[in-house]
Amino acid sequence: MPTADTRVRTDLVDEYLRVRSITEWLAEPLGAEDQTVQSMADVSPTKWHRAHVTWFFEAFVLVPYAPGYRAYDADFEYLFNSYYEAVGPRHPRAERGLVSRPSVGEIMAYRQVVDDAMVAFLDAGVAEEVAALVELGLHHEQQHQELLLMDIKHVLSCNPTRVAYRPPAIPAAPSTFAATPMRWADFDGGLVEIGDDGVGFAYDNEGPRHRVWLEPYRLADRLVTCGEWLEFMSDGGYERPELWLSDGWAAVQQHGWRAPLYWRRGDLDRGGIDSPWSRFGLTGPRPVDPAEPVVHVSHYEADAFATWAGARLPTEAEWEHGVVASGVGGDVSHRLAWHPRAAGASDSALRQVVGEVWQWTASPYVAYPGFRPAAGAIGEYNGKFMSNQMVLRGGACITPEGHTRATYRNFFPPGARWAFSGVRLAADR
Amino acid sequence: MPTADTRVRTDLVDEYLRVRSITEWLAEPLGAEDQTVQSMADVSPTKWHRAHVTWFFEAFVLVPYAPGYRAYDADFEYLFNSYYEAVGPRHPRAERGLVSRPSVGEIMAYRQVVDDAMVAFLDAGVAEEVAALVELGLHHEQQHQELLLMDIKHVLSCNPTRVAYRPPAIPAAPSTFAATPMRWADFDGGLVEIGDDGVGFAYDNEGPRHRVWLEPYRLADRLVTCGEWLEFMSDGGYERPELWLSDGWAAVQQHGWRAPLYWRRGDLDRGGIDSPWSRFGLTGPRPVDPAEPVVHVSHYEADAFATWAGARLPTEAEWEHGVVASGVGGDVSHRLAWHPRAAGASDSALRQVVGEVWQWTASPYVAYPGFRPAAGAIGEYNGKFMSNQMVLRGGACITPEGHTRATYRNFFPPGARWAFSGVRLAADR
Amino acid sequence: MPTADTRVRTDLVDEYLRVRSITEWLAEPLGAEDQTVQSMADVSPTKWHRAHVTWFFEAFVLVPYAPGYRAYDADFEYLFNSYYEAVGPRHPRAERGLVSRPSVGEIMAYRQVVDDAMVAFLDAGVAEEVAALVELGLHHEQQHQELLLMDIKHVLSCNPTRVAYRPPAIPAAPSTFAATPMRWADFDGGLVEIGDDGVGFAYDNEGPRHRVWLEPYRLADRLVTCGEWLEFMSDGGYERPELWLSDGWAAVQQHGWRAPLYWRRGDLDRGGIDSPWSRFGLTGPRPVDPAEPVVHVSHYEADAFATWAGARLPTEAEWEHGVVASGVGGDVSHRLAWHPRAAGASDSALRQVVGEVWQWTASPYVAYPGFRPAAGAIGEYNGKFMSNQMVLRGGACITPEGHTRATYRNFFPPGARWAFSGVRLAADR
Amino acid sequence: MPTADTRVRTDLVDEYLRVRSITEWLAEPLGAEDQTVQSMADVSPTKWHRAHVTWFFEAFVLVPYAPGYRAYDADFEYLFNSYYEAVGPRHPRAERGLVSRPSVGEIMAYRQVVDDAMVAFLDAGVAEEVAALVELGLHHEQQHQELLLMDIKHVLSCNPTRVAYRPPAIPAAPSTFAATPMRWADFDGGLVEIGDDGVGFAYDNEGPRHRVWLEPYRLADRLVTCGEWLEFMSDGGYERPELWLSDGWAAVQQHGWRAPLYWRRGDLDRGGIDSPWSRFGLTGPRPVDPAEPVVHVSHYEADAFATWAGARLPTEAEWEHGVVASGVGGDVSHRLAWHPRAAGASDSALRQVVGEVWQWTASPYVAYPGFRPAAGAIGEYNGKFMSNQMVLRGGACITPEGHTRATYRNFFPPGARWAFSGVRLAADR
């Protein structure tokens, strides 16, 4: 029975079941074989994602707070702890694809047991502190929904047959409009505030809200397109060291980059689009559409493109301030679509802010002034990754609802390409 | 209709169906997840084995000889060609575990189509030359049956839960006898003949039959046991460089070898056996039984053990001549058991010749005098591997019937440990 | 004869000869063998440094501007270009230690030829633009003087005999004072300006001068000492993942870090100092002195130490503003001493600002707002390294005069330890 | 004073001084920089060779047998022990090029001290057992004379300027004769004897003398020429996997082999020789001369060439028996020339047996029947390398006198190319 300190949160139960069911829906088209493969060290198998997000609720909510709950399987702690050093030893990340057991079916059974326990536990009412952990767990699971899609795209791309994850919801047709011209949106800058204001859910790394001085700047009103990227390539973009950061040029040499990830020359009917390049997507291979935003480029490539274009990448403060000042920020309904779309005409100062691709910024991922990680294992969520990563802002076509607020700080190493990452240009005024 | 040149070989159809069905039976206990994993570069996924042996019949029999047969899927040629350079490009070996499609179900369908075509084709009668290719294909599939078991053992050992492949056919009990004493069997040597005499099936590398001069020698009448291996370990076997070949000592340092592969300290009820070590087997983890033959040691370890024991490894000519001279050679019924057994008492000069473990010899794998590989792609079967490998003789508990003849030359790199490889000692007289 | 556009800069000739002669003096104690070795990819051989700084004058001053000057040796362009992609192909960095020719003697001859040509060229008067290149070349050579010392320290440390580079100028005695207590110096922050103001020489990356908002903060008045580092070690500093950035913890595991670079347990007479640790220095091995500043720690270690101490690292803006506000900044006479000294008593708000060790900041090395690299090959000097590096401020005991101004931005990857890098703590107020 | 057990061996003193002085003469053209560089892990610096062979006398003769002799420097044991595990820990092989001290001068002083002690010691008379160790030490030093030349050739080839080690003794002119035709020398084989007969010095691995059965065979009367190798290349030799061993083909892909080591396309005046290829030699770069024997090919290349030529490599028994039966074996005067020469006309059954290049055989390097390594550290000399290496027979233009007897077994891994290794063909009759 709820005590004075606890509260029955029926909304939390509903949200719990809603988020959990989306994960299952995402896994639906995937066979046991698809769900087992780890195609590179950064990728996790689908079945691992499904188990890991479940373990998060078990380890941080059920085991410490639910009376009488016993861990489902001692091995699961070892297998499905991602990186919480404080929790104990764990299975090496790069070997997740070697683990054939538990099977997909066994993981579904595990999810069911934890779901039943969670619903019963939440139905009995929980303290605010526990509700906050559940809420964190749901946001965590949503992040893994996006990772699951990024990862399975990479896995399926390794099949010589390049099979589709899912057919497109609507017939795949070339965009009916050419890319609309890019315009600059101007901002005065000055002493502005950015970061989480404490209203609504946010990760610890989004705060504290703080002041930043910005010189006058401008942001491109839309994303860089594939057509523009093809121009960059034609102009020797991948062969001219003067355009690149030193580490970026080394990556070009080492990996033989000549185009965005998942692009391949030829081998496709063109479907009416004038492109000798195809790109692999969650709905299968398609000709590169010049009007669509470019996606799956690294920070190094984004930076080189901006240099080539006579522009630069925005800082994360410029991005956030510009978006908020333009009234286009905050949360937007997500799409769970499978590929970014060309920009339509709009009166808005900034287009394609969220829902298409994450946008690389010029900002390394570091702590905001006054940042303090949470205590305990949960404190490992964000802070310890503040090294050798770059911030991305916005949100992609596969990003779940609630993860596209203006203060959200996504981050990846500058050489990563398997996130849905693209480019918005910026410039000094 | 059979022509003068062809012959209906009903025995060949029967043998075809028999061998093919054993492969299916071996895969039966394995889920789609188990069949997809590649746990190291040397290992192939179960589903790959099932498809590859099928592709062998398709590529070398059906496509060239069966009128009207069209390759089932153009991608399969790329995916399931193991190493036949002459056939065309192929999928990199180390990436077999990245391929989630075709699924296990799709591979079963492929097997069915090829089986139907093969039976129809064989029923119509085939020329001797084609029958020989089918026979080769069946022996090839049997080799992959053994590889499948070696590989899945490694895959399952990577699961922290160390699950069994199959329960033992008979209850797992400690051996009822201690290891019987080892005796030497003496041989005079002289100018002897070894190699395939052309009667019955043999691989090209087993011939030509040829003369070899042997000095007088002796062979141990049984295999080296786990108990003897534990003595070697207790006596600092893995810490004394003077016992090791230079490359072997480097491997000890690099891989941290301290015991045979699949051995682990502790963590098991002892089941009445006095051993602090457990070993993983196809029927799950079990205490190390001192009376059982040691298995899963590299050539380097076998050689170091022999040096420690004041003996040496036999040459392959010594092994073959000794076995034949003792009247214990030739083929023996296979066991498809899952682990080698302790030696029983016997009047035979040599015990445990086949059916327990492959026995490392002191002979590098090179061509016999006068050896000529077959013409065409089939010629790549054996000859091109005659470099940096050592010959093993005998046959293991998982080796199929027909693969344990006295002239059979198995081979692995000297550092390999995942084959069912053990040790029989030899000495000069 | 000088034209209206040119000017005889006798001061420039003097400065040229002064800087060049210091390089020679630094190489003096080193045999040809010492000058040839490259002990890791980051290190360059002494003779390479001596040739490369010479090539800089040849390639950027003499060849383009000195009438009739012909490049001394076509191979030298290939061998001694460090990283200027715009200039042409170059010898791989990691293979500098494979090049035995040109010999040390041949490089001395090359230096002489270039010096003669430079003096004659400067004596004839040069345009401002060329004088600026010469000035840049001298600052460049001074940076390599520091690199030469960092590098030769690493080279000599690889000799099992741990030979000294040079005897200390004054007898090596333990510090006569214990480390004085650390005090906090408080700063109000607010909207401050940092960066090069255009007066006097500065590298392009030090500007433009710009505004930054700082929250109130404090800086430690002295550097972290070896004694404090020993406490960190005793308290499990290198074994507690919760203190470390994720990449830092991975580095600890990978490299087996247990103490600063060049520290070794035992093997020394203690010389009156109570320490079981010795450290290698340019004057040879010595007991670790608890009062001395710690040096040769990576950014990861600095960050973990700060977390352990309940503090943090300063941002580069905090460091620069605090130093200038305290009146201790600007240039100070250099020492070309061989090891940092313990802090003496002082009335100054901040002690040990320059002349002991470079101080890691919390700031990734990125462009200041409005930064534009110089045109041409010279533009590769700084900008292209703005990725995966952290800023260090201050200046070390081996840093040449003129390289310790308050705006100077040194930078290294967060895992680098062979620079003379140490720690000054900061905190929020 | 000599006792009954000892004998003054003035011949031994003379031989000692003669061999030692040749080493010094070989190092003469090399500066301290040249003598310090290690250009790959297999290569040792010249100064290391000079010290290591000296240490051998110190460790195995002076320290155990010379009354009152004390080791010159405790560090030298650690630095200059090559691979004798029984002697104690040693410096990692791949880091020999990091050690700048002791300098070349210091090593010369070390040599002098040891030479003085050795001469005094030998002058006093030594027991047979000690004389045998001295003799072994001299043969050991001679082996290192050849290694020194192989190694410095590789070092100098890494200089972009490709400097000569020494000018040729006689002016470099193209061979005045085209390659004479290759003829087959036929041998009946049968039960033959090979191996050391105990008369004169031999390494332990050359015995025991033993019987081998040989089928009838033939040997090419001369070596494979560069002209023949160019035909192999023109015929796609490096692009046709069917010619190669599996490991060999992998090496071709991995290393990008397209010609023998030290060959380079173009960039030379042709000097009257019709070749677009140059090759680097100890006397500097020269056009490839079609009449000269090919040198610096791996076993893999030798084997592929033989396959292409419709022949094979000889076994070591065939080589030794053929050479002895032809009366061309035994020792021949060495040349210490710097490159192999074209075959002249001759009535001999076999030409170019020794003095040009080592000849790869088809025989892996394993123990002869009855082989026992010597006791103690000296026993590590040969036996422990009997794994993953192939035997070469003959002797090269840089091989010292006394190292070209018919029973001599040289050995290198099948992928090694920096030895002076070439090809003599064989075939079945």
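Letters A, B, C and D mark the chains as written, and numbering starts fresh at 1 in each.
What we mean here is this: a contact is a pair of C-beta atoms (placed from the backbone, for glycine too) under 8 Å apart; a residue touches a chain by one contact, two chains touch by 3 or more.
All figures in this text were calculated on a predicted structure; none of them were measured in a lab.
Traced through touching neighbours, the fewest hops from subunit A to subunit D number 2. Common neighbours of subunit A and subunit B (chains touching each): not present. With chains reduced to the mean position of their C-alpha atoms, the one farthest from subunit B is C. Inter-chain spacing, taken between the CA centroids of subunit B and subunit D, is 38 Å. A separation of 47 Å divides the Cα centre of subunit C from that of subunit D.
Rounded to whole angstrom, the centroid-to-centroid distance between subunit B and subunit C, based on C-alpha atoms, equals 60 Å. Interfaces, counted as pairs of touching chains, are A-B, A-C, B-D, C-D.
Here subunit D touches subunit B in the complex through residues 83, 85-86, 191, 210-213, 215, 241-242, 244-249, 300, 362-364, 366-367, 369-370, 380, 384-388, 414, 428, going by the rule given at the top.
Interface residues of subunit C facing subunit D in the complex, by the touch rule stated above, are 31-37, 39, 47, 75, 78-79, 91, 95, 97-104, 155-156, 158-161, 163.
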